[in-house]
Amino acid sequence: MKKALALFLVLALALTAVSAGFAQDDLSGELEIFSWWAGDEGPALEALITLFNEQNPNVEVINATVTGGSGVNARAVLKTRMLGGDAPDSFQVHAGEELTGTWVVAGRMADLTTLYQEQGWMEAFPADLLDLLTYEGGIYSVPVNIHRSNVMWYNPATVESLGIAVPATMDEFLAACPAIQEAGITPLVVGEAWTVNHLWESVALGVLGAEGWNGIWTGETDPAGAEMVQVFETFGQVLACSNLAEDAAGLSWQQAIDKVVAGEAAFNIMGDWAAGYMTTTLGLEPGVGFGYAPTPGAVGTFMWLSDSFGLPVDAANQANTLAWLSLLGSVDGQNAFNPLKGSIPANVNAVAAAPDLYNAYLQSAAADWSSNALVGSLVHGAAANERFMGDFNQVMEIYLSSGSAEAAASAMAAICLQSGACGSSM
Amino acid sequence: MYSQRDRAVAFLMLMPSIALIGIFVYGFILQTINTSLLDWGTNPIANPPLSANVVKSYVGGANYSAIMTDLLEFSFRNSLVNTFFFTLFFVGGCVLVGLFLALLLDQKIVGEAFFRTVFLFPMSLSFVVTGTIWRWMLQPGGGINILPTFIPTLEPIMFKWMSSRQTWLGFEWAQVPTFLTYVGLAILAFLAVNYALSGKRSPLIYVIVAAVVLLTVWLAGWWDYVWLPLDTPEAEPSIAPKGFNAALIGVIIAAVWQMSGYTMAMFLAGIRGVPEEMREAARVDGCSTFGVYRHVVLPQLNPIILSAMIVLGHISLKIFDLVFAMAGPDNAQTIVPGILVYTEGFRENAFSKASSIAMIMLSLVAVIIVPYLWTQLRDEK
Amino acid sequence: MITDSVWRRTTSQVVLYVILILLAVVFLTPVYMVLITSFKHPETINLATSWNLPETVYWQSYLEVLEEFGPRIRNSIVLVVVATLLSSMMGSLNGYVFAKWRVPGQRILFPIMLFGMFIPYQAILIPLFEFMNAIDLYGGLPGLILIHTVYGLPITTLIFRNFYVDIPNEMLEASAIDGAGFFRMYREIVFPLSIPGFVVVIIWQFTQIWNEFLFAVTLTPNVASQPITVGLAQLAGGEAVKWNLPMAGAVVAALPPLLVYIILGRYFIRGLLAGSVKG
C-alpha cells in the first residue's frame, strides 16, 4: 500500500515537473496589443503578430488599434483605460520621455532590465539610446523601430536644374534661398502646425549642435539664453524661405512632399516616414526619384524617435507580454517589422543579418544609426515629457504671432519650469 | 380631475429617467467640478497625474484664475473669443440661410421634395465627415480656390482659409471687462425702465442692486483680478491678438452648410403653419406677396427663431468634431474650448485644467439656456 | 397674348427656379467632390486635379471600406435601433407626464432634465468611463446603448412634451370620466396621435447616434463591438492618408441616415409642423 502511494506520488511529481516544463514553452491565453497603427502601417504590425503566432500558437493576439492622426485618439483611449484599471497587455508609446514622463514616473510600468540582460540587448542597442530609455537605473520599454527626424528631402532633378549644392549648414541654406525663390520655386515647404514644430527641432539642432541640444534637457543650455534666441532668429529666417505665409496650414506632410516631387518646392524637412511614402505610395526609387541628406548644420547627428512597447504593471497576461517583448527586440522581430514600416531596426545587428530587406535609404540610415551622434527628438516624444510637448505649441504660437525671438525664448524658460522637462532628471 | 393614484403612477414613470439623468449628467458634472478644484496634473514631475497613487489636493479656484490670468494660457482666452464669433456667425448664418431657403420652398414649386432633400441631407452627416470634406475643399492650393479658373481669364482665389492668420475687428483683451460692464449696465437700465413703467417694485429693486454691484466692481478695478494676466498684461496683445480670426470663416461655412437644412425645415413648418385664411385676409386687404410675408408670416416665426438659436447656440458652444477634422487640434487660429479640453486632458494630462475649462464651457451654456428655460416655463403657466 | 402680369409672373418663376438650382448646386458641390475622390486611384489624387473626374473608375476603395466596416455595420444598426427605440419610448412617456399631469416638482424636474442636453461630452468622459467600468458595462455594445439612451432622453422628452401640449385637455378629461387611468389614456389617446412626434424623434436620434464618435471610440475598444464611426476614423488613420478611402468611407457611412432623410423627409417637416417646433 505504502509502496503504491510512494509510486503514485513520484509519478505525480514527475508529471507536474514535465507539464511545468511544457507550460514554459507553451504559452496560452490572450495578448492585447494596443497601438495606433493602421492604413499603410498596419501590415508591419501584422507581420510581427504573425511571427509571434508562429512561435506561440496557443496565444490569442488581440490587435486593438485605435487610429486617428498620430495617436491622438489612441492616447485618450489609453489614458482612460489605464486610469480605470483596464490596462492593455502592451501598448505602443514613443520611447524616451513620453513614456518615462507619463507612465514610468507614475509607477505604471515594469522594469525590463532583466529582460534586456537575458536577451543581450545592452550590447545590441546603442548606448545613447539606452541612456534615454533608462530612468533611475531601470529600462521600461523595448524599441521596435527607429525613425530619423532630421532628414532633408529633395528632388534631384530640381536641385540639378537650379545648379545648387545640397546645403550642409544653415548659412549655406539661407544663402541659397534667394536664388531658388527667383526661379519661382519655394525653397522649403512646410505643412500644418506639427510639421512646423518638426522643422524647428532640426533648425535648433543645426544651430545648437548635438551637445547644445542635449543641454536643453539636462539644464546646461539656458532656455532663455542667447543661444535659444539665436535659434529662434535663425528659425525666423528659415521660415521666411518657406511657404508658411501662403498655404502651409492646409497641407498634410504628404502633400508637402508631393510639392517637392512635383518640382514646386526644393526642400522639405520631415522624418523618414517620408521615404516610406515616396517608395511605397509614389513608387519612387531612393536616390533616383528623391534625394535625402541630413538637415543643415546636423551632418553627423541622428535625431531619433522610436515606437516602443512596454509592460504595464497591472497587465493581465504578463508572461505572454514578455514573450512579445522578447520578439520585438530580437533580430528576427525587427527584421519582420521594419522593412514594412519603412524604418530601421534599433538593434544594430539586425540590418547586417538581412541587408536585402532594406532599400538604399534605409541602409544609409542604418549606417548613420551606428556611427552618428544620437539625440532624441522633442516633437516625437523622446526628449521631453508630454506636458512640455503640449506647452511647446504655445511657445511656437507666441513666436509666430509676435515674431520676437526674445519673447519665444522667455516663454521657453517658463514652460521648462512648468513641466520640469529641462532639469537633470536622468 | 385625475386620481391621486394616477398622479403617483405618473410621478413614478418619471423616476427612471430622473435617476439616470441624475447619475449620468449631474453626478458626472459634480465629479468634474470636484476635479477642477484639485491640482491633479499641475506638477507632472513631483506628482505624476497618471500614477495610481496620485495625490490630489484642493486648490480652490487656482485653476480657474490660472487659465484667465496666466500669460501662457492665452489659448484659452483666444478660444473664448473664437467661440463668440463662431456662434455669432454660425447661428446668424443658419437662421438667415434657413429662412431664405424656406421662403423659396414655400412658393408652390415643382420638385419641392427634391430641393428639400438636397438642403436637408447635410444634416444627416457627422461633423467628422463634413469637416473632412470641407477641409479638402478649402485647401489653399486646390478645391474652391481653383474653381474660378474653369472660367477663362479668371484668377484663382487667394484666400488661405484655415491657414489664414488674418484677424479683423481686433480688440484688446484688457478692454473687454469695460465693454461687458457697459453692456451689462445698458441691459439693466433697459430692464429698470421697463419695471419702473409697469410698476413692478421688487424686480426693480433687484435690478438697481445689480447695477450698483456691477458699477462698484468695475470702478474698484476688481475685474483685473480675474481678467488680466497680472504679470505682463502689455505682452498679451502682441503674442495673442484678439479678434475675428479669418481662419474661422471656413469652419463657419462648413457648419452653416450642415445645419441650415435644420433651420429651413423649422421655418418651413412654421410658415406652413400660418393658416391660409390669414394670408388670404392680408391679400384681400391689399398686401403684395412680400407684404404678406413681412406682416403676417414672419412675426409668427419669432418663437421658431428663438428655438433655433438656442439649439444651434448650444451646438456651437460645444463644437469639437468639426474643428478637429477641419483644422486639427493645433491650429491656434481656430482653437475652441472643446478642443482645449481634449488636448489639455488627454495630451498633456492636465486633468484639473481640462475640467475647469469644461466647467466654464458649461457655465457659458447655462447662461444662455437657463434664462431661456425659465422664461419659457414661466410664460406657459 | 402675354399681359404685363403674366410676363412678370413668368420672370419671377424663372428667377425663382434659377436661384433654387444654383443653391442646390452649391449644396451638392461637396457631394460631387466626395464622390469623385472616392472613385479615384490613390496615386492620382492631388490638389491641382481635385475637380476632375476620375480617369478610370477605381472600385477598390469601396471594397476596402466594406471590409473595414463589415462587422461594425451590424453593431451600428443594433446600437441605433435599440437606443432610438428606448429613448423615444421613454421620452414619449416623460413628455406625456410633463405635458398632461401635474406632478409635484415638475417645474423643476423638466428644466433639470433639459439641461442634460447641453453638457459638453469631453467634460464627463473620464467620470463616465470610471462609472461604466465600475458597473461592468465598459467595452461592449450594451454599455454604449445605455449611454446613448440616457443622453437622448432630454431631447426626446422635450420634443414629445412640446408635441403633447397641443393635445386638447378635453380629450383626456373625457376619457378620465370614462374611468381611464394613466396607461389607458396613453394607449388610447396619446400614443395614436404621437406618430409625427415619433418620426421627428427617430430621425433626430438615428442621425445623432449613428454619427457619434467620441463615446464609441472610448468605450468600445474592440472591433467586435465598435460602431462604424470608429471604422471611419480608422480609414483616415495612420501617418499616410489615402484620401480615396476616407471619402469612400464617408459615402458608405452617410448612406443610411441619408436614406432615412430621403424617405422620411416630408414627415420630418410635418412632424415639426405638428407642434414640436414651438419653444
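A, B and C label the chains in the order they appear, each numbered from 1.
The working rule: a contact is a pair of C-beta atoms (placed from the backbone, for glycine too) under 8 Å apart; a residue touches a chain by one contact, two chains touch by 3 or more.
Computed from a prediction, not measured in an experiment: that's the story for all the values here.
The greatest number of inter-chain C-beta pairs in contact is found between B-C. Of all chains, A has its CA centroid at the greatest distance from the CA centroid of subunit C.
Our note on geometry: subunit B versus subunit C, Cα centroid distance of 20 Å, whole angstroms.
Note: centroid distance subunit A to subunit C, computed from Cα atoms, is 40 Å. In subunit C, 46-47, 125-126, 233, 236 are the positions where the chain touches two or more neighbouring chains simultaneously.
With touch defined as above, residues shared between interfaces to two or more other chains in subunit A number as follows: 69, 76, 83, 255. Those residues of subunit B in touch with two or more other chains are numbered 139, 141, 342, 345. Across the interface of their complex, subunit C is touched by residues 34, 36-42, 62, 64-70, 73, 76-77, 80-81, 83-86, 252-255, 258, 273, 276-277, 281-283 of subunit A. Across the complex, subunit A is touched by residues 43-46, 48-54, 71-72, 74-75, 135, 138-141, 160-163, 165, 235, 238-241, 247, 327-332, 342-350 of subunit B. Looking at the complex, you find that subunit C touches subunit B at residues 16-17, 19-20, 23-24, 27-30, 33-34, 37, 46-48, 50-51, 90, 93-94, 97-98, 101-104, 107, 109-128, 131, 147, 150-151, 153-154, 157, 165, 173, 176, 181-183, 207, 210-214, 229, 232-233, 236, 243, 246-247, 250, 253-254, 257-258, 260-262, 265-266, 268-270, 272-273, 277-279. Across the complex, subunit B is touched by residues 69, 72, 75-76, 79, 82-83, 101-103, 105-108, 192-194, 245-251, 255, 385-387, 389-391, 393-394, 397-398, 400-402, 404, 407, 411, 414-415, 418-420, 423, 425 of subunit A.
Against subunit C, the residues of subunit B that register as touching in their complex are 1-3, 5-7, 9-11, 13-14, 16-18, 20-21, 23-29, 31-32, 35, 101, 104, 107, 109, 113, 115-130, 132-134, 136-137, 139, 141-143, 146-147, 150, 257, 265-266, 268-270, 272-273, 303-304, 307, 314, 317-318, 320-321, 337-338, 341-342, 345, 351, 354-355, 358-359, 361-362, 365-366, 369-370, 373-374, 376-377, 380-381.
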